[in-house]
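One chain, chain A, appears in both complexes that follow, with chain B as partner in the first and chain C in the second.
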Partner chain A sequence: MGCLHSTAAREFPGHENPVKLASETAFSVSEVEALYELFKSISSSVVDDGLINKEEFQLALFKNRKKENLFANRIFDLFDVKRKGVIDFGDFVRSLNVFHPNASLEEKTDFTFRLYDMDCTGFIERQEVKQMLIALLCESEMKLADDTIEVILDQTFEDADVDRDGKIGKTEWSDFVIKNPSLLKIMTLPYLRDITTTFPSFVFNSEVDEIAT
Partner chain B sequence: MAGYLPFDEPNLMTLYKRICKAEFSCPSWFSPGAKEVIKRILDPSPITRISIAELLEDEWFKQGYKPPSFGQDDEDITIDDVDAAFSNSKESLVTEKKAKPESMNAFELISSSNSLENLFEKQAQLVKKETRFTSQRPASEIMSKMEETAKPLGFNVRKDKYKIKMKGDKSGRKGQLSVATEVFEVAPSLHVVELRKTGGDTLEFHKFYKNFSSGLKDVVWNTDGAPEEHKA
Partner chain C sequence: MSIEAVTETKWFKKSLETSEFKPNVLESDDRLGKLRSDTITAFDLISLSAGLDLSGLFERRKRKETRFTATVSAEGVVEKAKTIGEKLGYRVEKKKEAMALGLGKGRTTVMVEAVELVEGLVVAEVKVVEGEEEEEESYWSELIVEFEEIVLSWHSDVSVKVESDLA
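== the complex of A and B ==
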């Protein structure tokens, strides 16, 4: 076991051991290795430092490193678990784990709650939703009358904000998600089930020699 | 056929070594024809390995083989559902007037055109299987305009409240193109129409959407980057 540890550590400088990551997530060791191939290609696209910065993330998502979008910014912030402004491999795997088809409803619900709670107050305030809505409309070059935006917010909050305090708490959000499962549609990436076929080169680069399967 | 795997090792690297050397043996009850085909499929060299075209011509393979017909990959509504929807036709005449489209809330709207799927695509995925447009026209008008536009394009249309299933009459690269659409109400004056390819070739879906959305220009307010437009 001592040999295994140092071999893996040599090949994943500063990165976590794939066996450890696999044990903490829904991914198998092979899948973590395949994710490493993806991680390598994203993290070396602008600065080859083994870390994904904002630009590299934007490049991977939009194929345009300058393009920004409120939604993507939130996702980046949530992936950047240690709040360092960059995403390391451990962050990457653990965050993508929530998007795995086998991840729990609870994990996915919690992620979306934190996604929309932009200022991290523990509540999704009406103003935050308005901001995101306006950002989306701007990006799609759609102009909506302020009245219409208010109507959309009214209806959404009517459904979700049960205690009528102008904000959506964690419990209200969980209940709301149960009534509207399509809210979690973005939280599952079917690609993650077939990750080893999408990135097969890991097979020849695998440094994890003796794996107890 | 054998009831067990050709390569089965407890250790991943040993497994891969065996596969690369094609170290396997067929059970004695396999026919010579079967053994030959298996040997050619499990050939580690992609140059000498049997191709699909060659496989389809193999004598052993051809025995009792029936070529597939391309089915629909994502049909939600079956013929029974359609019949059920129309069986109480007298009643539905009355209820349709009262029925409203499904509503779409602010969060669904915000997340509708965002997805992390692009992380996994090496190039910009210019042709998607799903798209949407917004409209400021009433839902019933959107529905009838879509039906009017789809028919001359050679599509058979089945409606169920604010959903439409369209099926192209021509058989394309992957069978007939079929598309499912649904109208959602975001606000009384704003609707979002989602379209999704449920069968057939994605490139054909892209072509279809180009024609379809231009036929709908009176109704479309903004389209979510028509599959070919990628605002870089």
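== the complex of A and C ==
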């Protein structure tokens, strides 16, 4: 059956319905359509199959399909909601939703927790933080003395690991982020507010908006 | 400059502000500015990773930017940037933030920013925040080469080498 809306919006064969995605996220239907333009260009860049694989993700992010990066891998894994090794359009929209300026602090905090909990144990262990810190230093060829690394780790856990069990749990992470809001800076993409200007889909496709106005 | 003195600067205090902002081009990606060296945590550093900067997904091409560890203090970096800017005919704009400088020429704007992460470790970032492709190409190579003498090491993850390294 369907109401007037859904038959008037663009259909994306093989992908989730934009009206449904809009209803579940902070994006409007025309913003979802704009994201589809972006998705199409990324997902066809190496293999034209309507899905974003790891190489295509790397190409989009770094403009270099071969560039491997620990953190980009984590992001990719989190976007790959169904654990299929590829990101489909629904995954793409729902994941980017967390980066929307209007998404909740809670959603952003939860995303970063899962991001940094690399081995998915439900805790961010000191060893994991050390590994990530070293990866960052390597990738940027920034040099820090071993003692300095330990001091930074000590400082971090002093701040975040309130019950002193050597690992950061979800609640500790939430509290820590509230004290250090700049840690969520990476979780907001102002671009998402202007997405329809950056990726305009053609006028004759946005029938929902025409009906509304 | 002692760590305490650095944390008293307006620039570090800015790190306490939360993220809602209308992006002013020269404040747009102030990742370095968020670091306070007395309370720096591992996550502040980890957040600098290029892999966590998804803005690349929305940009058709990579804007020129580079980061390096400096052989001079943060003030030294800014001073050097000012000298270079003047030498190459840029308009120099001292920013409200202590260790930041804007350089403008033609339709291109470059931000230079420096911070002392921990005592003795100064990291600087040079990045094109506005400009069009052809102008950016030629201005960039000429600009970057001038910084060499205060560079201890370039940070390769964000560096755009002077020779193109496209896949």
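Everything below uses one rule, namely that the second predicted complex is superposed on the first by the 191 of 213 C-alpha atoms of A that agree within 3 Å, B and C clash if a C-alpha of one lies under 4 Å from a C-alpha of the other, contacts with A are read in each partner's own complex, and residues count from 1 in each chain.
Here is the rule we go by: contacts are C-beta pairs under 8 Å (C-beta built on N, C-alpha and C of every residue); 3 or more make two chains touch, one makes a residue touch a chain.
Model, not experiment: these values are computed from the prediction.
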| item | value |
| --- | --- |
| Three-chain arrangement built on chain A, chain B and chain C clash or fit | clash |
| Partner chain(s) touched by A:Asn180 [first = chain B, second = chain C, both, neither] | both |
| Chain B versus chain C as contact partner of A:Arg65, first or second or both or neither | second |
| Contacts of A:Ile75 with chain B and chain C, given as first, second, both or neither | both |
| Chain B versus chain C as contact partner of A:Ile152, first or second or both or neither | both |
| Contact residues of chain A, present in both the chain B and the chain C interface | 38, 42, 60-64, 67, 69, 71-72, 75, 99, 116, 129, 132-133, 136, 140-142, 144, 148, 152-153, 155-156, 159-160, 180, 182-183, 185-186, 189, 191, 198 |
| Touching residues (chain side chain C, partner chain A) in the complex | 15-21, 23, 28, 31, 34, 39-58, 61-62, 67, 69, 118, 121, 123, 153-158, 165-167 |
| Contact set on chain A toward chain B in their complex | 30, 38, 42, 60-64, 67, 69, 71-72, 75, 99, 116, 129, 132-133, 136, 140-142, 144, 148, 151-153, 155-156, 159-160, 180, 182-183, 185-186, 189, 191, 198, 203, 206, 208-211, 213 |
| Sites on chain A touched by chain C in the complex | 38, 42, 59-67, 69-75, 99, 101, 116, 129-130, 132-133, 135-137, 139-144, 148, 152-153, 155-156, 159-160, 180-186, 188-191, 195, 198 |
| Complex contact set, residues of chain B against chain A | 10-13, 16, 103, 105-111, 113-120, 123-124, 134, 186-190, 221-222, 224, 230, 232 |
